[in-house]
Every structure is written in C-alpha cells, then in structure tokens.
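Report on one structure; see the data block that follows.
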Amino acid sequence: MAERCAVIGVGQTHHKAKRDDVSIAGLVREAAKMALADADLTWTDIDAVVIGKAPDMFEGNMMPELYLAPALGAVGKPMFRVHTAGSVGGSTALVAAHLISSGIHKRVLTVAYEKQSDSDAMWALSVPQPFAAPLLAGAGGYFAPHIRAYMRRSGAPEYIGRMVAVKDRRNAMRNPYAHLHIADIDMKMVEESMMLWDPLRYLEACPSSDGAAAMVLSSEDALSGQYPPAWIHGMAMRSEPTMFAGRDQVNPRAGRDCSADVYAQAGITDPRRQIDVAEVYVPFSWYEPMWLENLGFCDLGDGWKLTESGATAFDGDIPWNTSGGVLSSNPIGASGMLRFLEVAMQVRGQAGEHQIGGARVALGQAYGGGSQFFSMWVVGSDKP
Amino acid sequence: MPESEALHASHRLEYPYARSVGPVIGAFLTGLRDGRLLGVRGSGGSVIVPPTEYDPDTGDDTGEVVEVGPGGVVESWAWVPDPLPKHPSDRPFAWALIRLDGADTALLHAVDSGGPDRLATGDRVTVRFRPAAERIGSMADIEAFVPEGGAA
Amino acid sequence: MSAVAGRRTPRPVSIASFAQARNVRRDDEHNEVEMLMPVVAEVFGTIGITKDDIDFICSGSTDYLIGGPFSFVTALDAVGVWPPKSESHVEMDGAWALYEAWVLLQEGEIDAALVYCFGRSSPGNLNEILALQLDPYYVAPLWPDPVSLAALQARALIDAGKATEADFAAIASRSRRDALDNPKAQVANDIPAEKLLEDEYIVSPLRRHALPPITDGVAAIVLAAGDKARQWSKPVWITGLDHRIETHSLGARDLTSSPSTARAAEGAGVSDGPIDVAEIHAPFAHQEIILKEALGLDETVVVNPSGGPLAANPLMSAGLIRIGEAATRISSGRAHRAVAHATSGPCLQQNLVCVLEGE
Amino acid sequence: MADRDDTAAAGDLGPVTTLATPIRLDFEFTPGVAQSRFLRGLERGRFIGQRCPKCGMVYVPSRGSCPTDGVPTTEDVELANVGTVTTYCVVNVPFAGQSIEIPYICAQVLLDGANISFMGLIQEIPADQIRMGMRVEAVWVDPDRLTPSLASVRYFRPNGEPDADYESFKEYL
C-alpha cells in the first residue's frame, strides 16, 4: 500500500516577461529556497530533487538537471528530470510525490521552471523541420479551431471566453506573484483587444513568462513547516496519441479518464459539490468551459453555463484559478506545477488575498501537447 | 524496394540566445571585460572560480567576491591536435583545468603552449586576455592561458 | 513498507522482457516511430503480451539529438496509447525511465510497465550537441567536446597513477572482442591491445580505440511484479536500484573517482552478495577503471560481456541496454547476480546502479 | 553582494548583465519511410495516405504507425483532391516565419477517404465567409514546381459543392 504524502513547503518566483535580474540558477533557487523556508528545512534535509521543464531549446541548455544539480542542493542525491510537454509541471510534482508514496524517500524537493526570455517561445515551440507543412498558425492557431468546435457543439455565446479572461485577470490582482496585473480589465477591454486567432483575442490568450515554482513533499513521519500539510488524496497521469481517427480534441478521453482515476482515489463522486477550489490549466479563455465538462463539473455542453452563472468566479461555489491562472502567468514548464502548488496553498490556508475561506479539498490539473497529456492531483487539509 | 525510400534534408537549428546573468556571473564577466579574474567565497570558506550563486557542493549561498590569478596551476590537460570548428583556437591547443592562485576550484579554458611536449600537469600558466577594446564580458575575453615565464 | 536502518526492502520487480534494435552507425531510413515499432513488438511478443497488459509507460529521449522539440510526443505512436494510458517521459537515458516505472511499481497498485528509449546519434554533430549540457554561461560558450572532457579525466587518472594508456587499449580490445558474440553490436573485432596503441591521438591521452562509436539505437524493457512476474517469464529480479548526481563544474570534482556511483552502489546493495557480471556504461575506455572501483568489483567479475558502450553507444539508450544485457545474462543462466550501470553528463556526472538476481 | 563598487569601478561601461550565446547546430533529417511516401505523392500532385491493417482507418500523412494500434501502416491509399472543412480559425497575428498576408483562414481539412484531418490554408473566399462543413479542393503549384513538400499544395478553395452535413464530420472535430 502506498505511503501518505503531503506538500509541506511551496515557493514561486515573481513571474515576468523577462526576469533579467537573474541567471537560470538564480531563478530556480528563488522558488526552491522559498519552498525550503516555508517547510523550515535546508538543502541537507532533502533526499532527492525532481525537476521539470518544457523543451530544452527554450534556454539552449540540454538536460539542465546536470548544470542545476549543485544550484538545487542535489549533490550526492538522486536528481531526476521530467518532460511531458505542457503538463510537465504537474507530472514533475507527481513523479516527486511517487518517490514519497512508494516509501523510497522522506522529503523530496520538486522544481519546475522556464526562462523563456533567453530565446523566444514562439520559435522554440515550433522549430521548423524539413518537409514539415509551412508554418500556418502559430501556438494559438493550433487550439483556436478546437475552441470553435466547442462553440459549435455547445452553442455557447461568444462572450463566454471574454468573461473568463476578465475573471482570471481580476483574480490575478489578488496574487502578488502573477505576471499580468491589469487593474482596469473589463469585458470591453478584452473585446477591443486585437483578434489574434479568430475566435481568440489577445486578452483571451496567456502571456509568455519567465518563472519557477517549487514544492517540498514529505512523508507522514517527516512533516515540518509553518502551515498545516496539504495531503495528497489522489494523483494520476493519462496520455493519448496526438492525432488519430475520431479523436475528440474538445473533450479528450485522456482527460476524462485521468479525472475519473483521481476522483476515485480521493472518494469524489460529485466534483462540483465536493471540490472547494480548483486550479486548472487554462491558457486560452475557452478552455475553462471545455475543462469544466471534461473534469465532470457539469454535463456535456453545460460548461459555459457554469462560467456564465459566476460559479467559477472568486465568490462562486466552485472558484477556478483564483491565482489568476495560466492566463495571468505562463512560464510554460512551471505553469502546470503552479496549478498543483496553488491548490496546496489553498488547503493549507496560505493563499493570502486569493485564499478561498475554508477550502479543504482542491483539484490541480495540467495538460499539454495537443490536449493529449494530462496530470492531476486532489489535495486536502484532512489526512486521507 | 528501392535502395533508399526515405527522403533526406539538412536541417539547421539556430538561435541567438541572450542570457541575463544575474549579479554573481555578472561580476565575473564584468571582471573579464576589465581584465581581472574573480572568484566567490563558498559556504566553507573555499574560493570558487568561476563564481556561482551557490556553493558547488552544498548549494548554500556564496559570499564575498575575491580577486584571483592571474597565474595558476594546471590540474589536468588534454591536447587537441585538430581543433573543431567551434573550439576557441584554430591551431593545436590544450584544454586545461586551471586552479588559479587563490582559488580552490579549477577553471576550464584553453592553454596555448605550442605543443603537447611543452605542457605538463602541475605547470604554472598565466592568463592572456584579448585586447581591452575587444573584450565584451564573456569567457572568450580570455584568449588562452600560456605557460608562465615564456609563451609559445 | 519497511524502512529499517535507512534502506528499505523493495517490492520485487522483474525484467520480464528486453529488446533492442541492431545498433548501427546510421539509420537514416526510419523516423523514431519506425525504429521503435519492431522493438516494442518484440519486447511484447517474446513474452506473449500486448500493450493492453501494460499499466504504465515511461520513455527516455532528448530533443537535441534530432534538433526538434517534442520528439517523444510522436514516438508514443509506436505503442498506440489507446485507450489512454498512464504515461510519462524523462529527458534522460532510458535507465532513468526504468527508475520512474520501478518507483510506481513499488506502490503495489500496478504490476506491469513498459520502458522504452530512442537515441539517434547520427543526424547531428555530437561534439557540438553535447557541449550544450555544460554550464551555459562559463563552459558551453567555449564548445568543449565530450572527447576533450573525457581526455582531461583520462589524464587525471594517469597522473594519479591509477591507469596507463595500455590499460585503456586493453579494455577496448577486450570489449570489441567480446562484442563478436553480440549480434546487436555495432563495432566488433579482434585487435590486440598492442596494435591499438599504434592509433593516433584524437585528443591526447585518448586514442581512437578509447572512444565510443556513434550509434543509432533503440531499446525497450517490460517490468513485471506480482503474479505477472512469474507468469510472463523466468524472473530476473531487481533487488536494488539507486542513482546519484555530482556537482557540475569539472574543476570542482575529483575526476579520478566516481563518488556518485559509489553511493548509488551502496544504495542498491551491490556488496550484499557476490557479483558475477557487470554491464557498465563507460563510454570511454578509461571510465571502466573508475567505475569498477566505485562499484567495488574485483577481478573475478566479468565486465561488459556484451561489448559494452565501446561496441555500441546509442545515446539515451545505452544505459537501459546495460540493464537489459545484464538481465539477459541471468535469464540465460550464465550469471546469477549482476550489476548494471548507466551514466549521464560530462565525465560521469550522474550515475545509476541496478542490481539484478535470478532465482 | 557581488555587483558592487570594486567590479563596477574599472570603467564607465556599467556591469555586464547579459551574455549572448548564439547556438547553431546542423542536422541531417529524415522523415522516415512512410512519410516519405506521402511526400513523394505530393511531388506527383497526389495525396497518398496509409491504412491501418487492424482498424482500417486511413491516415494522411502516416508517420508509419497507426497511433491507436501501434502497428505499421503499409497499404497505400490514394485520396481525393477534395475534402471538408471540419473546423477553422482566422489568423490575425503576425509571427516569425509567417509567409502569408494576414488575415487568413487556417482550417482542418478532412480529405474524402481519409479518417484524419490536417491543417490547411483556405483562400479565394473572404475570411468572414468560411463555414464548418464547407467543401474545398486542393489547388496545387504548377507541375514544374511540385516538390516533396506540403508547399506543393498552394491552398484549398471552395469547390462549390453544398456544405457537408454536420453529422457527417462531427466525429472528426
């Protein structure tokens, strides 16, 4: 039987378009040292380090666990590197958690980061390969057609995306670490922002950020730190192929299966009622209603109605992305881990101005690739 | 089946990365540009060259910046008879790990000794900077190290 | 789960099946999916299972070998992950992918995992690509190649009186002679060490024979636990598995020893019993000497009977292949207890040690 | 701690804050056997897909395997020059490497006879008139300019047929 595992320390950088005040090591150490301090630990207390990030080409530093080992106090320890595309921050946390739940280690430091400003995210994500199709759409252009498919299927009115964009940016005003702080954001500002990939407007898309996230995970007999632990109640990963006949990219089965697995572990039968707060990977506004359905918070086709009703807003009954989410900070490799970290903060009661009062059970989700890699965890304030 | 069914093409991956360096690496690179070699004091008091924000063994923050070199001792070396296109020298040279005077760790750079028979572990070498006007704050500001008391 | 005196007794996990492609200098016909498909089919086929019997998949690879991001994403199509599978990827050698799968199997919730890895070393220039593993501020901009860095290590070994150039030649000669019995080997020949010492230096003190070949190759392993371990094959148990990393800067390390290997060997329990065979991931001949010492192996141990990485060194796969080769020695009855080793990074910076035992 | 007095004193250039580290690597690339067949088809002005021997689905292009069954696709299937727009977006944003004047339509096109759509450029129609279900045909470059590349397909354009019924392609969204 698996051992219990909890989050006992969290740390993150101030996310910015360009963190030109630090090196790569400086960036990851900022988050890692904050997580250690939160857990009242030092480097020597850590048994193993697990890092994750998106393609090495962002920084032009191949297999960076080698260069970063001493910067993360990993000398003499096991050090591990995960890469599962956009979901990587989430899967990195899960690999770290399994090192505890398997009984192998007592305390594991996990770190995810991206220093995108060393190069250019658009370039690194779509390095042109010989014989490939001419570059037609860019990053958002991959997802925009699926958003249109969702609108067609669900009959959602076009302003739903703008509502999400406004809601998450307003939430970001409560989060001092968020990249985007747009004080006067409203529906009109989003509507008047440039149309990038119709139906997606500029303010409905995520920024490109430098940033890092870190957590200290612990076994039950090694708890420490100033805040109560966030216990892991369930964790799962699922993948499906990028392209195949009849693939549903709007509501991918890998996401549905992943949530079913994680809910079963956590004893969740009614996510909307049982989950107090969620941080879900929403890089483009419309992915909120899409993932509401995929994650079983409502029936198929009703996701947009939930968004419209205000249920996912800060004062709604199932607040989503109170940190501002990926729409407000997007250091790609760390974006998934930030979702996992933010829900741990919620159930530990340390989320400050974006804390949801009384949050006891929370869901973190990350996805990547062409909506094909999913990682999720459910954390709670009660010991499972 | 024909001899080669698959198509082939050359592919170039190229990007002009620009890295922010932060205060510690920045101090070292600034020193290079100014013609000086700097290290940083690690958690156990040892002097680390080139300097990092962290002690290479413990991960602890490093402390004060100290000047080292310009001479040092070759700890190990490898002779390159045929330099590769991206190597820092286009004529035969040695890669060497050089522990600069005042340092407790060694720095990797090129040694221009003139031949493999004119270099040995334990030899003393000294830095040869590029002319001040050519220095920009990078490892290439060091042209090479040369044997102390008479270069090749 | 026991945690007695710092070292727990792991759940028994068996190397149920191992397959690798024939290692070649250059496979420029196939993409990674086409290279992997026959190997995945073989690793399932030899034990009569299908992908539906697999609970978890983990792969190892690096984007830089082919110069394009996300190469692991399409590689998944070699398996056919439908219905969706629990799956993960490490930007590391397949030996570390095996480690991740082994960790999940420890929890007792799942019983079978597929591990695969692919490394096409031929499309690019490894001398340049591997420089990108180095400190991006101080070292990578000078573009030192892996042969030069290994040569610094070899010189340090000679200076310390731990080895001679003749020792390097003897290791290379033995490895490639042993490779004559390995149908998957890339470089196999019978050349006496004295003859090899006539080679030119590539970077002194390393002559051509002390360098690994450049290899394209892929490999896969099925791990099984519980009832499946016995149903699928005669078990080869992983009795210990650990990995450790050292600091990065070569100038802050003692290059003549491998403390990370020694710690991993301790963690994996290498010295808990006699070792018959060692498959050591020493890409450069002199590294075998350092690693043998760190692993605590004496002269009775047969080292790299497959020919080792001097006979075939597909990047990102050569480590997993060591585990597969060691397991094969046990399953074929030629050994009872073996150690397999994998390395990553410049001059053996990171090392994994796996102890295997037959019944 | 580090970037202070003594290091900055030497000149008035100010401290070094960034380091340029250009990286250029050259590779020999192969798309593999199956994709090469697709590309050689394009060189002849034809779409060549491959059928999975297990599930019967036709992939275009095939990377050599059926993504759901994990078996080699071996049977070549020539596909029609016409297909259906399953979904689309209008690209309004300039980005590096872009070669077409914005705004333009980027659509998922499901060729008749295929079981997978791929992304194509739609032209000869104003961006605001594109519809899901629109029937389109491929417009190729001049025969003497055909290459083993998707650049051989200049774009797709409406072919005048009535729109496909949503039910007929909703499985491919």
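Should a chain be cited, it is by its letter among A, B, C and D, assigned in written order, with residues numbered from 1 in that chain.
Basically, a residue touches a chain if its C-beta (ideal position, glycine included) is under 8 Å from a C-beta of that chain, and two chains touch if they have at least 3 such contacts.
As the structure is a computational prediction, the values presented were derived from the model and not from experiment.
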Shared chain contacts [subunit A and subunit B, defined touch]: C, D
A-C compared against A-D, more contacting pairs: A-C
Most remote chain, CA-based centroid, reference being subunit D: B
Centroid spacing, where centroids are CA-atom means, of subunit A and subunit C in whole angstrom: 33
Rounded Å distance between subunit A and subunit D, as computed from the means of their C-alpha atoms: 28
Subunit C and subunit D: spacing of chain centres that average the CA atoms, whole Å: 37
Averaged-CA centre spacing for the pair subunit D and subunit B, given as whole angstrom: 44
For subunit D, residues that touch 2 or more chains besides their own: 17-19, 21, 23, 25-33, 35, 39, 66-68, 148
Subunit A residues counted as touching two or more neighbouring chains: 20, 23-24, 57, 59-60, 70, 74-75, 120, 123-124, 127, 129-131, 241-242, 244
Sequence positions of subunit C contacting 2 or more other chains: 28-30, 64, 67-68, 74, 76-77, 80-82, 123, 128-129, 132, 136-137, 140-141, 247-249, 252
Graph class of chain-chain contacts, one of line, ring, star, complete, other: complete
Of all residues in subunit C, those that touch subunit D in their complex: 28-31, 33-34, 37, 40-41, 51, 64, 66-67, 74, 76-82, 122-125, 128-129, 132, 136-137, 140-141
Complex contacts: residues of subunit C adjacent to subunit B: 28-30, 67-68, 123, 127-128, 131, 136-139, 141-145, 148-149, 151-156, 159, 200-201, 203-206, 247-252, 255
Sites on subunit A touched by subunit D in the complex: 20, 60, 120, 122-123, 126, 128-138, 140-141, 144-149, 152-153, 194-200, 241-246, 248-250
Residue ranges of subunit A in contact with subunit C within the complex: 1-3, 23-24, 55-57, 59-63, 65-70, 74-85, 91, 94-95, 98-99, 101-104, 124-125, 127, 129, 236-242, 244, 252-254, 257-258, 261, 369, 372-373
Subunit B residues within the subunit D interface of the complex: 5-21, 23-27, 29-31, 33-36, 38, 40, 51, 63-65, 136-138
